[in-house]
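This report refers to the structure that appears directly beneath it.
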Amino acid sequence: MFLNLDKVTKVFKTGTFGGQDLHAVEDVDFGLTEGEFVSLIGESGSGKSTIGRMILRLTSVTSGVIEYRGKDISEFRRQSLKDYYRQVQGVFQEPFSAYNPIFKADRVFRNVKDEFFPEMDNGRWQDKVQDSLGAVGLNPDQVLGNYPHQLSGGQLQRFLIARALLLDIDFLVADEIISMLDASTRIDVLNLLADLKEREGLSILFITHDLSLGYYISERAMILYSGRILEKGVTEKIFRNPLHPYTKLLMASVPRIDKKWEEVEAELEEKQSDIDSGCVYRDRCSFQEKCKQCEEARPELREVEENHYVACHAQEED
Amino acid sequence: MEPPQSKEKNEFFYFALRNNKLVIGLIVVFFFLVFAIIGPFLTEHDLNERAGPRNQPPSAEYWFGTTTFGQDVFTQFVYGLRAAFIVGLVGGGLATIVGMMVGFFAGYHGGMVDELLNMLTNTVITIPKLAVLLVIAAYLTVRGVIHESIVIGLWSWPWAARAVRSQTFSLKSRNFIDMARMTGMSSMKIIWTEIAPNMMSYLFMTFVLQFGGAVLAAATLDFIGLGPTEGISLGLMMQHSFNWSAIQLGIWWWFVPPGAALALLVGAMYLMNVGLDEVFNPKLRER
Amino acid sequence: MALKTDDLRVYYQTLKGDVKALDGASFTLEDGEIMGLAGESGCGKSTLAKSLILLKPPMKYVEGRVRLDGEELPIWDDEKMNSFRYKNVSIIPQYAMNAMNPTRKIGKMVKELLKSRGISPGEKRDELEHRLDLVDLTRDVLSMYPIELSGGMKQRMVMVISSLLDPSLLMADEITSALDVSTQKAVSEMLVEFRDKDFIKSLIFITHDISILYQIADSITVMYAGKLVERAPTEEITGRPLHPYTKLLISSLPKIGAKYTEEKLEGIPGKPPELLEPPEGCRFKNRCPKKEEECDEEPPFREVSPGHKVACWKVKKDVS
Amino acid sequence: MKRYFSRKVFIYILTFFLAVTIDWLVPRFMPGNPVQNMLSRASIQSDAAEVMRGYYTKAFGLDVPLWQQYLNFWQAIFHGDLGVSVYMFPEKVTNVIFRAVPYDLALLVPSVLLSWIAGNKFGAFAARSRWLDNTILPITYLLRATPYMWLAILMAWSLGIVWGIFPISGAYSFSMQPSFSFAFLVSFLRHWFLPFASLFIVQFGGWAIGMRNMIIYELEEDYSHYLESLGAPRSLVRKYAFRNAMLPQITGLALRLGQVVAGALATEIVFSYPGIGYLLLQAINNQDYFLIQGCFLFIVIGVLLANFIIDVVYVIVDPRTRQGMEGT
């Protein structure tokens, strides 16, 4: 495994004075092989962004280990951390907020040069910049020298991907990178990610709330709810045969343009996040056989068919 | 839908020049600044020299009249104005810088660092400035304007620190900080190259307020006798006039100019601050 | 006919000049109709909603007439407009999460709001509670502060408040974009129910997400760069879009079951024009694959088949 | 909630501890022997001086180790023993202070409260009115920037000397003794008016500006726009904005009230008004360390109490703080 998460947990202190604990991510295990495109699908508050930020070392891990090429990433310091960032980068949801509004957009490139390539002469650097802009489908003459507000959301996101490409990355965390973009441009950015994976052999962790996007683009998918992975596996299998009731509910409520919402009588209560033991999904579960186990024990992720896992007691019997 | 926003510099000047508060404030401050700089060259008298007859009302020869000791009020006034600018710049500047440092570190690092710095800030806010000044006044039998400015600066930073801290806190959650962190930059460098430039306008406004506050604080200290033992200041002029019964004797030209200058100068500073706020924050503009 | 707008133009005043955010909108809305208003950010859809209820600087009324239930809406006159607000036209704003005064208990705020509009809160008490039940909120929320509610709860509370006086026209401005898919569905369905129960006569539902409109709207209107480009019944526009922009927009949406490796979707190259100085003629022409010379002249927004209006020269040819 | 307050209390105790330590340091920081310094300033007869020297050397405890002196100081504080004043020998410092406090209360409580109410009303009224914003508001900026003592001097000179309407020195006529007679009351009020008015005017400016700036922010908040969209009259929108803008002003009020004990140093000096401020000046001029220490202790306690009250009040009036404490 090239990236591996082992029982990763993140607990936030909430309340201004740190009175309560919020388990944003709980015992998450998964791995990524080289050149793989994996989707992490969940609603807001599911902990999906926290997982991305922990992989990027922007948030610390409360317990558990994240390993990159066999090394615990929490042990990286200065030089080794820099080496890590040379290979692993991230792009986030809000295109404008990733740029310091008072500087020109190219500053993100200059920062990369200052920190990683201080010796490189300017001519060669310019060539490198042109190459990576080309790789993300931007015309350097149109985008260089502009302030962030003069560029469109789609351009800004491509710009950030180009920034990552300046480093010889082999892993990219893409956290909701198209959800703020306009419909007419978002699909192109998504296609770009897929192209990069094909062309450069990048591994990509694609974090999204949108099932259809996850399906469109990824080889494997993980469904996250309240900090736990409820179902994971090969994308087609999950979509064709969703086993977890939550996955089913998600499938039912995604607005689609080809099918109307079925008469799913899923009156949705507010999420209950204060479940301390038992299945995190039990309060909204539509399964009649709400067995005792769901109250008491957290279901473990089990493989129900080859490369298809689910964490649900109801699936354990057979 | 928002109209397209543009942050170009000419827009700043466009609104700055059309903001009456800012323009008037600037003119007044600039006027006093020029006065403080060239004033001393306009007078041939020394500060404490007996320049003429006692208690002379303003005249062509003694523009602002003379004191009970025959000193030229105009001379004292222009030197006092200088002292006010020094206190404002040094005291206000120091308070802004210390507040900035504390605010940056507390806001950026959060957690324990934040807790400790917060505690320090609250403590400094509660302990009266006078108590500290008294200790210092007792210790330094010879004090100048600079000493006074430093003490004021070191004791007025908490308000600035609180403001800077909350600003830093909100900037910190923006993604561009994450982008910088993902180049392996040190937190010091991130603070200086990413956060601080974003807060220039805010820091400047903080400084303007601190400048005004320091000038007023110094005037009060001077008036109650904890001010400089050497030189002159606008506060000292008021103290002297009061102590030598200028009120009862009706020597108004001795105490009117220093107070009026203070009120106008600091008032202009406050006005400027509100004007700047309106320029930087489109929501506050006049409608 | 519930609402009829005629060549409505509302600009934003900026330093560099007027941004022509809404540049001539004419449409009619039938009684009981839910109209979806779709388009990219900056296309003027929110401007349209805001101008129908609270038109204030930097927005500027330029021209156009609006009639609601046969009566003229004086949208350019803030004072006169006041008697229509809430009672005849109402809005669920984009910022529904922050729409309630943080330091007032919700029930008290509603009471004061009603009183200020000359309505006795006692009279509306039952109706209010009834509607809380409908949107699945307990009555306790009335004695809570907004901050004690979750995002979804606040959203529903604002829905109840905004529709309490049974306005003829309700506008929902991007209210689902910040919500999770499951909540999105619930909120949208509740609005349909409001219409079915005759709380409101008609609804304009604004969103950038056409798939939601497909689920709940009777008709869809697509805007581009300050202009209406297409308007038709929902099934018609999603099944047989005529304007090139609508076509491209719909074909770029990933469907569940579509996969990159099997069927690569395409976006629309280019970006919308600056509305400070929009180009002459069709505003989509620079991105349009079918662009021809005649596009330099502005295409009229005409009916090409019953209930289906399009602003495109090419469509005329296709049809005739 | 509990955690929140226990932490707050901890900070207050820490601050109090620090303040008392500084207070203790004041005389000890002096170059030379504090007792000697003190007595040389107070011109008294030599046999009395001996008595005093003996008393103060013992009181300061200069003959025991420093840590012992420090502990003794704390002990004395808890016994309410702040020593004996030099300047008013042989009166106890606590008595001297308690005699001054009523004058501070009489002067400052009305001036702070009235200026707060009037300033807030005016600031809210002036906000978003182009006409007032350009005419009267600049004047309030000037008021806020006016040094207290200067306005006091101006008023004393014009109303006191030139027109002779008000007396300008003391809290009542020198020829009178405090009593509950009508004549005394008139005299008291006449002496009270000028210091009160000068304090009121300057503070009025500060409150008015604070309120104006706050309310403009509130009027641009989403909840205000929502009310406008639903056709709520201007009065309701403004009422809500005003209420929310008041919250920071409450903090300001409490802080200011906390300083009531500190008096309005400069103003009291100008009018020789016998509050703590005036007392402190006398103490400083006479190097009366026990009195200085006592005054500061009172000031610090006042400030700390006021701060604590704000913390409690805030939790009650602003639901947002409550939520933060319980977590979301």
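By written order: A, B, C and D. Residues from 1 in each chain.
We take it that contacts are C-beta pairs under 8 Å (C-beta built on N, C-alpha and C of every residue); 3 or more make two chains touch, one makes a residue touch a chain.
Here the structure is a predicted model, which means the values were calculated and not measured.
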Among the remaining chains, which ones contact both subunit A and subunit D?
-> B, C
Which chain's centre, taken as the mean of its Cα atoms, is farthest from the centre of subunit C?
-> D
Indicate, using Cα centroids, the chain positioned nearest the centre of all protein chains shown.
-> B
Looking only at C-beta pairs in contact, point me to the busier pair out of A-C and A-B.
-> A-C
Distance-wise, how many Å sit between the C-alpha centres of subunit A and subunit C, to the nearest whole number?
-> 31
Let me have the rounded angstrom distance from the C-alpha centre of subunit A over to the C-alpha centre of subunit B, please.
-> 49
CA centre of subunit C versus CA centre of subunit D: separation in Å?
-> 56
Once you find the CA centre of subunit B and the CA centre of subunit D, what distance in Å lies between them?
-> 22
For subunit D, residue numbers touching 2 or more other chains are none
Where subunit C touches two or more other chains simultaneously, the residues are 41
Touching two or more other chains - residues of subunit B = 4, 6, 287
What residues on subunit D touch subunit C, complex-wise?
-> 221-223, 225-233, 235-236, 240, 243-244, 247, 317-320, 323
Subunit D-facing residues of subunit B, complex | 20-21, 24, 119, 122-123, 126-128, 130-132, 134-135, 138-139, 141, 212, 216, 219-220, 223-226, 235, 238, 241-242, 247-248, 250, 252, 255-256, 258-260, 262-271, 274, 277, 283-284, 286-287
Footprint of subunit C on subunit A - complex, ascending | 43-44, 152, 154, 182-188, 190-191, 194, 209-213, 215-217, 239, 249-251, 253-258, 260-261, 266-271
Touch list for subunit B against partner subunit A, complex = 4-7, 174-176, 178-185, 194, 197-198
Within their complex, subunit C touches subunit A through residues 40-41, 136, 150, 152-153, 180-186, 188-189, 208-212, 214-215, 238, 248-250, 252-260, 264-269, 271
